[in-house]
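Below are two complexes that have chain A in common, paired first with chain B and then with chain C.
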Partner chain A sequence: MEFFDVFLLEAVINGLLLGGVLALLALGLNLIFGVIDVVWICYAELVMIGMYAVYYFHNVFGWPLWLAMLVAILAVAVLGAALHQFVIRPVLAAEPINQLLVTGGVLFFLQAAATLAFGVEFRNIGVSLPAMQAGGMYLSLARLIAFLVALGGMVGVYLFLTRTFVGTAIRAISQDRAIMPLMGVNANRIFVITSALGGGLAGLAACLLVLQYDIHPAIGLTFGPITFMICVLGGLGNMLGGFIAAFIFAQFISVGGYILHIEWGYVFAFLFFIAMMFWRPQGLLGGK
Partner chain B sequence: MLSLASVSAGYGGFQALFDVSLEVKAGESVAVIGPNGAGKTTLLRVISKLIDARAGEVSMEGRRMNEVPSHEIIGHGIAHVPENRRLFAKLSVEDNLRMGAFMPAARAKYAERLEFVYALFPRMRERRHQVAGTLSGGEQQMCAIGRALMSGPKLLLLDEPSAGLAPVVVQSIFELVRRICREGYTVLIVEQNVRQVLKVVHRAYLLETGRIKLAGSSAQMLESDLIKKAYLGL
Partner chain C sequence: MANPMRWIGLALLAAAPLAGMGNYPLHLLIMTLLWAFVYTGWAIMGRLGLVSLGHGAFLGIGAYVVVMGWNHYGLSPWLGIPLALAVTAVIALLIGYPCFRFKIVGHYFALVTLALSEVARLIIVALRDQTGGSLGVTPVTALADTSGSLVALQFSSKLIWFYIIFAFWLGGLWIWTRVDRSMARLALEAISQEEEAAASVGMNIARLKLGVTLISALMTSLGGVLYAQYQLYVNPETVSGIGISLQMVFGAIAGGMFVRLGPTVGAAFTLLLAEVLRLALGHDIHGLDTTLYGLMLVLFIIFMPKGILGAAQEVWARRRAAPTRAAAPS
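For the complex of A and B:
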């Protein structure tokens, strides 16, 4: 009986570690939606680009891993800012469905471009971190690092949003964009900074995921839908809600996967999501 | 300090201001009075560039402002307390005040000015962690004025500070405006509450259907038959 408990505990801990990374993914998407009121359907494709960036900088150009990761984060941040300036900005006043379709177009564009540029074969950065053994449980060091860095990244974003002038403006602009000029705020500049921050978070997530997953042009589909569902479950645009929802989803995936089979974990998670949408369509912490 | 020369402005096919000229000198408090829909709010919006003037010139301290983008107006010393206060309802009082000090030149003086605003409105210090949307109407007006003062303005534009407030509170708001003027700020205030505002300001303009109909010192305005009949009910 004790044997059973240890593996269940291992599943719970793995779920916790997975939750951290999912929460980081959800934070970026929620930040963009909460501030700019646009859903970046292509968010996970930015993560995919970030993963390729780490691979090329590290494995092809031969840069040290930390430098490759740092530059990859910056590159995806620039990509996020460019996405806003050239794709979102022209459709800011358009119908939400048009905004959705435009970012959906970017999703397929990035996937196709990645296929053309990088090919369809799976790549791996070839860094394998050992598993740690503790109390009869095996825990992946890569996951533990991912969890800790994701938490650190989220704390950093929280401090930025609450302690700085620009962060305060990011929180203010979603409430009343029209009067921002009276505060001396150039609204577009705040949107570009927010988009760069959202892109940077996607880049950070890419650095963590590249330690655990192979890279291929469709890897975004592995994280995209679940990230989006976490945001909706938490209440779209609500960063705290997304944080909580990420850990709920991760437990369903990890513990559900442990009890039956790994694929069943996702089935449970999505069934739970559908049930929640009937019960609380606005999300756990969503308004209205 | 501020001067408007033959300014016209409007929205789409609707013209709200016709050939408006006015002047505010340093240290003065000036009111623009008039009925609802006269173009008073539009006048302030033209000054802070929330809408463009279609003709005429707006200048601040001798510098033409027509081409200055709206988010740089505050950097020229003009702070605008908008109609209905427009606080960031979900942010704390202190975060609202912080937004008033957003521009780089004001950030360096943030702590000092925050202390000044709290000294001026001790109630704001008590409520600094409270979410602005939960303040009373009068407190919200204090917060909105405090937010504008955080930029260290030379000229304060006040848009109907007494609107939507209970009669008892209206009294205290005008007392507040009087204190702001006494602090040495130059004030351009737009009001429908003619009797009250004329007790506070040095001079006033009467704006009706987008045109300046009358101008003079507060005493002159109070003596005018036009004002007496239409606005004071005498």
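For the complex of A and C:
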């Protein structure tokens, strides 16, 4: 019985660590939704591109890992800004659902482009971090790092939004999209900056995930749906709600996966999500 | 609208396979009509503002319930189909009722239904001992010594499949027309524009939406049955999950989801585009065809949100209207 408990505890802790990365993913998506009112269905595909970027800079070009990661984050940030400028901006005035679907088209495009450019083989950056042993439990160091960096990233975003002028403008425009242009704020500039920031967060998540997962063109489908669910469960655009929801989902996946099988962990997480939508459609922390 | 052109067109389409069509073009034609039926089913609710990303679940239920029943319990598809439709109806009501009752619309509706299609995919994968998991599954064949089996709903002749699916496609268009001409459609269009106002004049929003959802889900589920029985192979990625759900939405949008033949045009367009790109570019450059396909989808939604047929009709209408407007003093 004690044996069982240790493994269950291991699953709980691993779930906690997974929650950090999921929270980071949700943060980027929530930021974009909160400010621009658009859901990037292709958000996880940006992460996938970021993972490939790290792989290419590090393993093919032979750059040191820190530099490869830094450039990858910047590259995905630029990609995020470009996504807004060339894809979202033309449909901002269209039906909301077209905005959702156009990023679905980008999802197909990025996935196929990655297949075209990189092939369907699984890639690995070949950096394997040791597992730590503590009290009979094996915990992945990569996950611990990811958890800490994700928390750091979130604190960074919080400080940026509350302590800088641009951050204040972003928060202002998320509260009232109509009035800010009248106050002399260039709305499109704020949107592009937000998109770049969201892209940068996707790039950061990519750097953390690349330490734990093999890279392939369809990897986005593994994280994409779960990220949307987290954002909706937390209340779309509500960053604190997304943060809490990420840890709830991570526990479902980790503990559910431990008790049965990893797919069942996801199944329970999604069923829980559907059930919650009927109980609190506005999200965990959403107002009435 | 008694349009002789329409009947001639239908007759030509029905006769086309008899004129010695090759196996490959016939296969393309069958797939086009099959997807046209499914996209039409999707568009019946999609055009009313109910953008579902969960239809992959219904397609998957149709395909897998029938094949599992046949493979594991020897249940003839003739009994499997009603079973699959019953399961689909229950799921559609379970998801639809609370959604409409609590007014989950727009992004939220799309994302809740997206969760549904992922649940379906993951359950199929997780039950790998029965379903074969990601490798997919083939219905136990009944084609060994005969050219087909009515009990197993398996036919080796593409001609038979063509007429079965042709009939379903026509039925789908008929359902579209019935819904289009019903009072419910007018009510639902009003709802999709201004839900509160529609409710204030006494419309039972949840019930109307539920009815349309049920029709749409059942059609999609039937499409899944046809797909599995015709292809004699299904796998969780091709009949459920986010990929196929988005494909349905794009097919309907590319053709134009507000006109009756729009989803059909969309199915023909997307299928032919994929085939032409594949033939022109070859297999050597893996992914080039789908890259261009994705790019075109993005361009479509930005520049032609009403779809091919929708945009074409607008142009025709403008041409027809232009001379009269020019003649009238303004």
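Methods note: the second predicted complex is superposed on the first by the 284 of 288 C-alpha atoms of A that agree within 3 Å, B and C clash if a C-alpha of one lies under 4 Å from a C-alpha of the other, contacts with A are read in each partner's own complex, and residues count from 1 in each chain.
The working rule: contacts are C-beta pairs under 8 Å (C-beta built on N, C-alpha and C of every residue); 3 or more make two chains touch, one makes a residue touch a chain.
This structure is a prediction, so every number in the text was calculated from the model and none was measured.
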Which of chain B and chain C A:Ala172 touches, first, second, both or neither: first
Touched partner set for A:Leu107, first chain B, second chain C, both or neither: second
First (chain B), second (chain C), both or neither touched by A:Gly184: first
First (chain B), second (chain C), both or neither touched by A:Pro90: second
Greater residue coverage of chain A in the superposed arrangement, chain B or chain C: C
Contacts of A:Phe228 with chain B and chain C, given as first, second, both or neither: second
First (chain B), second (chain C), both or neither touched by A:Trp264: second
Interface residues of chain A shared between complexes with chain B and chain C: none
Of chain A, residues touching chain B in the complex: 165, 168-169, 171-172, 175-176, 178-187
Chain C-facing residues of chain A, complex: 39, 41, 87, 90-91, 94-98, 100-102, 104-117, 119-120, 217, 221, 224-225, 228-229, 232, 236, 261, 263-264, 266-267, 270-271, 273-274, 277-278, 281
Residues of chain C touching chain A in the complex: 49, 51, 95, 98-99, 102-104, 106-108, 110-112, 114-116, 118-119, 122-123, 125-126, 241-243, 246, 249-250, 253, 285-291, 293-295, 297-298, 300-302, 305
Chain B to chain A touching residues, read off their complex: 48-50, 69-75, 79-80, 82, 86, 88-91, 95, 98-103, 106-107, 147, 151
